[in-house]
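Here come two complexes built around chain A, the first alongside chain B, the second alongside chain C.
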Partner chain A sequence: MSEMIKLLMLGIKNGRVTYRYPTEKKPIPEGLRGRPEIGFEECIGCGACARQCPPNALMVEELDDKWKLRLLYGRCIMCGLCEEVCPVDAIRFSQDYELASLDRGALEVELELRRVKCEECGAYFTTERALEYTLSEYDELTYDIDVSLRKMIHLCPECKKSSWSDASADAYRRIKDEQ
Partner chain B sequence: MVEEIRKQFPKMLITTSSIRGNTWLIELSKENLPAVLEYAHNVQGGNLLTMVATDRVDIEDDYLIDYVLGWYELGQILVFRAKTRRGEETFNSITPFVPCADWYEREAKESLGLIPVGHPNPRKLLMADDWPDDLFPMRKGFKVDTQVPKKETSSFPFESPENSSMFNIIPYGPYHFAIHEPIYFRFHADGERIVGVDLRAGFNYRGLEKIAESRLTYENIPFIAERVCGICGSVHAEAYSQALEGAAGFEPPERAKWIRVAMLEMERIHSQLLWLGVASHMVGFDTGLMQFWRVRDKIMGLAELLTGNRKQYGMIVPGGVRRDIREDKRRTALQVISEVQMEYEELLGAVLGLDTLKKRLIGVGYLSNEEAKKYSVTGPVARASGVSIDVRRDFPYEAYGSLEFKTPVESGGDVLARTLVRANDVLESIKIMRQVLETLPGGPVHEPIDYIPPDVTSVGLVEGPRGTDAHYLITGRDNTVYRWRVRAPTYANLPAAKLMLEGETLADASIIIGSIDPCISCAERVVVVDLRSGIEKIVLGENLGRRLS
Partner chain C sequence: MSSKLGLDSGGKLERIRKLGRSPWVFHVNTGGCNGCDIEIIDTLTPYFDAERFGVKRVSSPKHADILLVTGPVTRQSAATLQNAIEAAPDPKLIVAIGSCACEGGIFHDSFTVVGGLDKITPVDVYIPGCPPKPEALLHGLLLGLGKAEQKVSRSEYKEGPHEAVDNA
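The block that comes next holds the complex of A and B.
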């Protein structure tokens, strides 16, 4: 019997601990992995996030001149791998944890980027922004590399392969000559 | 143990080799497997940790059949391996002598088409009733996106006791308000007393292992492993990481090891408090539910602070952990742990003193020490029957070797003993948590694993809140696993529920099933039993939809 009284006292002492959600919300600590947000301005379209995503919440679709990234919030498991691999910090996890919606479309985000053609064969191979990003990274390098190598960035992987062998042979010959 | 088995069977063992410090691989021929395993399990007292069948048709043109046994008191793991060539998809069942191998062998039959010869009860286990009989999902040729045709007619052959017409059939599940996850028990009841039990599991089969080996990389799998279970996610991520790191011969940095222990213990405190609440609810003691969950919410808040999520922490990955515990967070965590300890001890003192509660739990759902060993049960279920096994103590992984803690053991074997084991577990975990947070060593929390050699077999063992979680792994090429097999503790404990239930009353069924803390999920069909006419109808999902619309 005394235990029953003890329990009663415990209940009275601690009182109500629940929150009157949704009018009253529990404070959330920093670092919570809420809804991931895609930075439409920052994304360069490399597709690293979609490769890493374990549940395929992020998906890449490559149409001829368009590159599409779809994010389905219904599938997302908030693991944060995409945020980790993004080279330009275009995906960030927000503090928003209220994902319920009556509208299916509200749980889907789509991003579209333009793709560029290979200067040699004319096939689409990467996005404009990814190309710009590569060029800017390239310019930061202090190496004095041949201009012909810089041109190669505008080629698709297949053409790059074939022209790489030519260019490297050229460069090798030139170094030999200088010596 | 290797020596003793070699002495007993000098001619039967083909090769024995050490895979890792405490793990040995013993190869033997398919015919000798039952005799050796009977000796190892029944005479030498090995605990069956897992049994894995692997399709190697793409490399060696054969199947591997591996039984993994562990000796807790010696700290040794033995992998007994037999091979069978393609074309002869059979092996000799060990279930007649080692009853706990029942589920594993049925799974091998279903997922790989390997027939266990001599199995007393080769029914379906994991797949839906309308899954075709000639389609085996774990074979290498089966593509993960296959559209599976449905079988026209389907039913499940349930077992009945003798004179079953004299008893009432009580269906219990798959959706039942007293069991919180989908499993279907079928009781034959003589009035209030349960005389026969049969169960149908597999409502939650999601094919995670197939997804892992066909679509995911080594780095992705921990996150999918966490989703094996909603409550003990870190345990699975840790067991997987341990197996992978063992295969690569990699040691995570010291600080990462300690943070991993903190994650695992935080999860254990959470899980046991959750169970104490649910168990209180099952016996109609809702004050207990509310009060235990009040304490539990503090732990969830702590998890949110340290990891960024309330559940599914996403912390443990191969190579270390993903987030560091900062100094200010460490101090807050210590404070929360002290609060939890104070409130928990106060609450537990009041609850365990309740005579009405004790009367519901004493002598109910008895599992004897011998039965516990025979069925290779693990975790609190084993420890409540006097089997003192604990992976943390017997196979010290991560930082457990340098921590001080006790393993709670009870000898009662009933639901009360299982409750006490879990209740004391929380106090030990709080002790460990405090030690970890007070003496957290410095250094990095993650280092990349340089090279993972292919075709290495590895076993990872972790003591989860529900018992031993065993992950078996064969590494593959191209940054993917070749075979990954998860043995969650409930897989070992659930077959023993049959023994606990027989002879008990229907009113106690819920707490007895609850006392093994089953961890199941996701149903897909409903069974309707018409008691008056005795006609059973199995309503498939599609028919149900039609009826409702």
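The block that comes next holds the complex of A and C.
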């Protein structure tokens, strides 16, 4: 009996501890990573996030003139690496943690961007937004770059390689002729 | 397989909502890291107090109305999981807890896992998170019982067709 009274006194002293979740909501701790959100307008389509994602929750699919990014909330482990690598801060972690769903399809996000053609061979190689971003980055450089280098931005990696090797072979020949 | 287990979900959610008694839960770990299991135990403590909704953990699937499944369903545990699902009486809710149970999570491409609970059986409620917060678990539970609303939906964005840009 005395034990029970002790417990009762303890209960009266401490009061209610239960957190009445659906009706009462406590502030979310700072820095909690909930659902990742993609800024559709900001994303440039570089694919750095998909390369970094450990569980492949972010997946890139390259069709002819389209670049598709798929995000599965069901696979995301909220590690925050995609937010870290994004060059334009398009992907951000919200504090939204109530992700329960009756349907797997509701846990998907899809993003589709246009791709551009290589100026030399005509193959699709990058997104329009990524190209714009690269050009704007070059504008911010403090030193001058060669005009021919600037042109190479519009070439696909293969053409870039061949044009670069052609240019260096020409230069080598020129130096040899001068000697 | 789904018809054999009586899992065609037509009207099943309605039936479990009209059950009219406390939903008891049975917890199955199919090879997870125990993070989600700790969150489930946390949800059952007096702080989050899932017993407010009548939720009580039982130690046999034969007594359970809800199966809480965590882990990516390893090949070794698939048969045991099948047994547990068959032992639970209908109508039952099958809840996939954590990224591993939802889609395979970090283990999705491993050769040792089946990769996701829905490759074994139809799932009623998905609760993603690694691990999900106890609040998220309660939300998922209430969603399954028809007492809360779903907050996520599929979103899509498409950049329009090519403008007349002359590259050539």
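Simple rule for what comes next: the second predicted complex is superposed on the first by the 152 of 179 C-alpha atoms of A that agree within 3 Å, B and C clash if a C-alpha of one lies under 4 Å from a C-alpha of the other, contacts with A are read in each partner's own complex, and residues count from 1 in each chain.
Methods note: a residue touches a chain if its C-beta (ideal position, glycine included) is under 8 Å from a C-beta of that chain, and two chains touch if they have at least 3 such contacts.
Since we're looking at a predicted model, the values are computed, not measured.
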Touching partner for A:D64 - first (chain B), second (chain C), both, neither: neither
First (chain B), second (chain C), both or neither touched by A:P54: both
First, second, both or neither for A:E24, with chain B first and chain C second: neither
Touching partner for A:L10 - first (chain B), second (chain C), both, neither: first
Partner chain in contact with A:D177 - chain B first, chain C second, else both or neither: neither
Broader residue contact with chain A after superposition on the shared chain, chain B or chain C: C
First (chain B), second (chain C), both or neither touched by A:I77: both
Residues of chain A at both interfaces, chain B in one complex, chain C in the other: 17, 54-55, 77-79
In the complex with chain C, residue positions of chain A that touch it: 17-22, 35, 38, 40, 54-57, 65, 72-79, 96-114, 116-119, 122, 154
Complex contact set, residues of chain A against chain B: 2-4, 6-7, 10-11, 14, 17, 28-29, 31-33, 52, 54-55, 77-81, 93
Interfacial residue positions of chain B with respect to chain A in the complex: 216, 219-221, 223-224, 227, 287, 290-291, 294, 297, 301, 304-305, 308-309, 312, 314, 322-323, 346-347, 349-351, 353-354
Chain C residues within the chain A interface of the complex: 13, 46-49, 52, 99, 102-106, 108-109, 118, 123-130, 132-133, 135-136, 138-140, 142-144, 147-148, 150-162, 165, 167-168
